[in-house]
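In this document, chain identifiers A, B, C and D correspond to the written order of the chains, with residue numbering beginning at 1 in each.
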Amino acid sequence: MIRVGIVGATGYGGVELIRLLSQHPNAVINRLYSSSAEGAALASFFPHLQQQSLPNLQAIDAERIACDNDVVFLATPAGVSAELTPALLKSNVKVIDLSGDLRLDSPEKYQLWYKKQPADQETLQHAVYALPEWNRERVAGAQIVSNPGCYPTATLLGLLPLAKTGWVQPHSWIIDGKSGVSGAGRGVSLGNHFSEVNESFAAYKVGIHQHTPEIEQVLTQAAGVETIVQFTPHLVPMTRGILITAYGQLQQQVSAQELQELYLAAYADEPFVRIRELGSHPRTKEVYGSNYCDIAVHLDDRTGRVIILSVIDNLVKGAAGQAVQNMNIICGCEETLGLPKIPLFP
Amino acid sequence: MIRVGIVGATGYGGVELIRLLSQHPNAVINRLYSSSAEGAALASFFPHLQQQSLPNLQAIDAERIACDNDVVFLATPAGVSAELTPALLKSNVKVIDLSGDLRLDSPEKYQLWYKKQPADQETLQHAVYALPEWNRERVAGAQIVSNPGCYPTATLLGLLPLAKTGWVQPHSWIIDGKSGVSGAGRGVSLGNHFSEVNESFAAYKVGIHQHTPEIEQVLTQAAGVETIVQFTPHLVPMTRGILITAYGQLQQQVSAQELQELYLAAYADEPFVRIRELGSHPRTKEVYGSNYCDIAVHLDDRTGRVIILSVIDNLVKGAAGQAVQNMNIICGCEETLGLPKIPLFP
Amino acid sequence: MIRVGIVGATGYGGVELIRLLSQHPNAVINRLYSSSAEGAALASFFPHLQQQSLPNLQAIDAERIACDNDVVFLATPAGVSAELTPALLKSNVKVIDLSGDLRLDSPEKYQLWYKKQPADQETLQHAVYALPEWNRERVAGAQIVSNPGCYPTATLLGLLPLAKTGWVQPHSWIIDGKSGVSGAGRGVSLGNHFSEVNESFAAYKVGIHQHTPEIEQVLTQAAGVETIVQFTPHLVPMTRGILITAYGQLQQQVSAQELQELYLAAYADEPFVRIRELGSHPRTKEVYGSNYCDIAVHLDDRTGRVIILSVIDNLVKGAAGQAVQNMNIICGCEETLGLPKIPLFP
Amino acid sequence: MIRVGIVGATGYGGVELIRLLSQHPNAVINRLYSSSAEGAALASFFPHLQQQSLPNLQAIDAERIACDNDVVFLATPAGVSAELTPALLKSNVKVIDLSGDLRLDSPEKYQLWYKKQPADQETLQHAVYALPEWNRERVAGAQIVSNPGCYPTATLLGLLPLAKTGWVQPHSWIIDGKSGVSGAGRGVSLGNHFSEVNESFAAYKVGIHQHTPEIEQVLTQAAGVETIVQFTPHLVPMTRGILITAYGQLQQQVSAQELQELYLAAYADEPFVRIRELGSHPRTKEVYGSNYCDIAVHLDDRTGRVIILSVIDNLVKGAAGQAVQNMNIICGCEETLGLPKIPLFP
């Protein structure tokens, strides 16, 4: 059995990891860590976890984390894993970081977009960006991997096949993202007050969201030419789910059927990506609670644009589910092991 | 492997059965039946089921149902199973009926509350009311069981321990129920139009809901005296979840601690009932997607009333989950097999 | 023009007063007071108020409040008006208190249920409980009135006609209340975090909610015998609206038609109470944004109980709207002046 | 008093007209027409309208409509007013058409995008496209006006100032629209079933929505060069509200401050358009129930794009409110008369 530790167990990413790992046949939830509440039971924060046999919360201590676990998930706010991972790297523990700290190759860009101190260069060089459908081979051999952001996961799975072709002008991408409120975590603020969010819709962080350079970094690698994207996130009055509506200007003639076949071929063997019917409209509810990314391709002949719709559950494929998928790869398990097969509907 | 058939696969009860059974280690989804859409793929109704290897829909034919399956679930509207089950009873197939057709012992009461033709007497006599925590022994040996209604499940699990004691006046029970919209099924109507239901709250069927006699029948059996309840259902602007707030007038002195201990003892060995802290307030979200029923006990010294709060997911413990639990019992499997251990939160 | 001041202008009660008073033909919003943010524009807290010509926020100062306004609304948390009103009483300003501080005649009960220091006896004696449909004559001559709580407004309008008859056992009332989230105000907490409240339903403060003695006080006065109620509030995943489901045991024979006529007669001349069809189910959405209280009467012959359904918008008839109605009475205006005639639907 | 008739009174547009007109000091709701339910009271469809003194529903008869009213609103599905208006044009009644039938100058485009028979050429030539901020002079003298669509209203108010400058490449506009569910009307379908829409988000009609040519027609007129837009609507799990996120590629250097000043100047005298702070994020809730359009301007220096955020209440400024505004213009009233000044918040 894989002995698993979770740092940041009192957040939404943490409890979603617990939901998934508690069903995993090859893993055991071995240790839970929290920067506060040492010694407390997690069920005192989350009554829905009552009667689960879970370890009590422990203080975060790099040495003990490294010693007591085979794999540790860092489900922590920006800034924490930059500090914690150098010590973990000296041990044999495998690290799966769900924060944004280790996603950007460039410390300068991290500082610019995250407004925080970047991790040291050595840690960054060890950390493998772990989007399995893009580079599972590199994930397999890594000691430390950086789990992609929620918006980048939906976006990159939606755009990578096209990015590789060169059919779309690399600076034309406009990515209009929409997310449920759980993406902002469990901390309280006027921004997630029910009476303010319910029956309302708004954009936020136009032009300055920290997932922008992450998307650009991977698309640039895939396309082989510098790719700049316009990314706008929006807050949807719902708890879970992300939809990405991405617009790209075609720079060569291509038919809808060719586009559809490109996507079908790209994901033919992927267990967690479903290419939906050409011209269809996937709903976030259709992947709820699951590790799927559902993608639909549209070609607008009138405008010469391709429009990609891509949906995920932000807490599963956009966070904890993809992290478990990465654990499976790192530990040599079947990649789908322990992950729910069918979304919760309705 | 248990070969499972599902009649009424295009409804919410049906797809929830599919979600749960697809994860069940000892069962295989063998046949899907629908009164319409013969030959169609279920994914054409439910895109979230794309890429699941499910059989196409077949017409409902009692002989073939009996022949092709070990267990059949009837997730059909009132009236269907009353017609279908007599033929199934002549075969060896085990039948788990999720409709209300076979729940009431009295055909007269069925006719009065359901306004439909009751099942024949012989079928009714064979059908075992299958609330496992109440009578799993009888379920174990039955060929045909009647899965309890959603409101009755939450109510009876909440009230049965008290009903057996005689501490509460049997005619004093007031059961104020609140349910998410999925309980009304997938059929479209102004009553489940988003713009009418969202940001609104209302009661419905005050004094005339067909789950009333079902609750009374079981409480009367448990108490040994005739029990009449006041039951009022309400529609909550959410998809899943039921909360029951039940009020009973104590007819003898009892302390809060005694009440709590009564419940703790009654459910000490039950895997799907969690007695929450004395005086706490369980939320429907805390059982979302799971087969749990969470119960909290309150004593109001000022009024001499006991107040029981009981929450379930109406589609899981209130329908498909309990049906799978019953299948496990009937088939001699571990009762918790294939059922999710942890609710989806948030 | 009536010069109006609002204390506590940065809360939901405050902005709802501003919405209503800005349309009032005889009133002008003259001063806005806040315990914090002196000098700031209210639009900096509430962008929806941009381009309204509103005075900037001032510090709370009893002398200046009394001096600068004809009427002052106190939309403040419990405890504030108990301190502020004695000074205001010495002036000529009319005071409409929306908090719970002056609603209970008994300082002991206030202390017991609110866990705060009560107002002094003299202030309490001056304050008139201002439910216009119950005692508008006393409101008319008062200098200081106490605006009823949201749950009590819906409950009392629903039960007062019956309470006066003596048809119902006075200790049998069970009041199951359901409220939208805005009732809890704009302060942030896990209890109103969107991801925790959305798609969830729960009771709170079972047996201990501070609106209980307020309901009992008025029902006791109306019935002429001591009346004890069981009151349970619940939180609905919506922003506005309250539904009360009230159960009373009849102690004498009465027909549904007699009940209906009792209600029709009691409210025949009331502009803001609508008696709905016998046996119907009013929805909170049907009074959204309006000052209406809609009431439906049910008689359950089987159980001998009367069930009253009563809906209001908690921020209008349950707070700001009723306060404006009281201002109209106190100032000798037409009682409906400035209040919206038709709910916002859907 | 202006005698007003409403055709299509049983829809959401119709009842919103009633809400607004019932508060209008110079108008009286004189006649209500419906294609079904002749003779019925509107309150039988909409209990929230109980106790309003409204005329009963009448059959739609062009002659009587023309005879009995000064102004008639057509709040009807596509296709109805194309048939009805020719007869009305022969009388003196003023016609305000809320449907899409008369918005497009080109009958060919109507047929292409609406898949219906267009109105005759003469009717189309008489009908003035009535976006007051764009062309209130032409509205003032018209007998028949075509009220803009909901998405076009938010889009055009957001883009017209820029379109006139020529700063943005006219083929670069990408308009990502998000709407609440009430925009789809009161007819029931799986697409507005609560359990399907709640806690979900999706795009619809990508590339083929009938509001596309309406937007292009006006932008082309404003810019003086042919303008093609990419328009994608999305369904938000809320009842009311539209947000438009519009992206334009700048073809000349311009500063954020210049952009902001352009907008401030363009709308300096407009009572219903509020230019929000540069770089801010208006929420749909901030215009709820009001006739405002709130607009925020963003410049992304990194990408050379301007991003416009524009919010309205789809049933008010996007339908009934704008129609009343147009009535005010046509009838020579103050343009803001009878329209609510402050949004409903929260």
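Going forward, a residue touches a chain if its C-beta (ideal position, glycine included) is under 8 Å from a C-beta of that chain, and two chains touch if they have at least 3 such contacts.
Just so it is clear, the model here is predicted, and its values are computed rather than measured.
Residue numbering shows that subunit B and subunit C use the same positions for more than half of their mutual interface. Centroid analysis (C-alpha atoms only) places D farthest from subunit B. Between the CA-based centres of subunit B and subunit D the separation comes to 46 Å, rounded to the whole angstrom. A straight line joining the Cα centres of subunit B and subunit C is 39 Å long.
Centroids of subunit A and subunit B (each the mean of its C-alpha atoms) stand 36 Å apart.
Under the contact definition stated at the top, the residues of subunit B that touch 2 or more other chains are 12, 180, 182, 195-196, 198-199, 237-240, 282-283, 285-286, 288, 346.
By the touch criterion given at the top, residues 171, 174, 176, 178, 180, 195-196, 198-204, 206-207, 228, 230, 232, 234, 236-241, 243, 245, 247, 279, 281-286, 288, 298, 300, 302-303, 305, 307, 309, 311, 346 of subunit B touch subunit C in their complex. Every residue of subunit C that touches subunit A in the complex is listed here, in rising order: 12, 180-182, 186, 188-190, 192-199, 237-239. Against subunit A, in their complex, subunit B makes its touches with residues 12, 15-16, 18-19, 22-23, 46-52, 182, 198-199, 239-240, 274, 276, 280, 282-283, 285-290, 294, 340-346.
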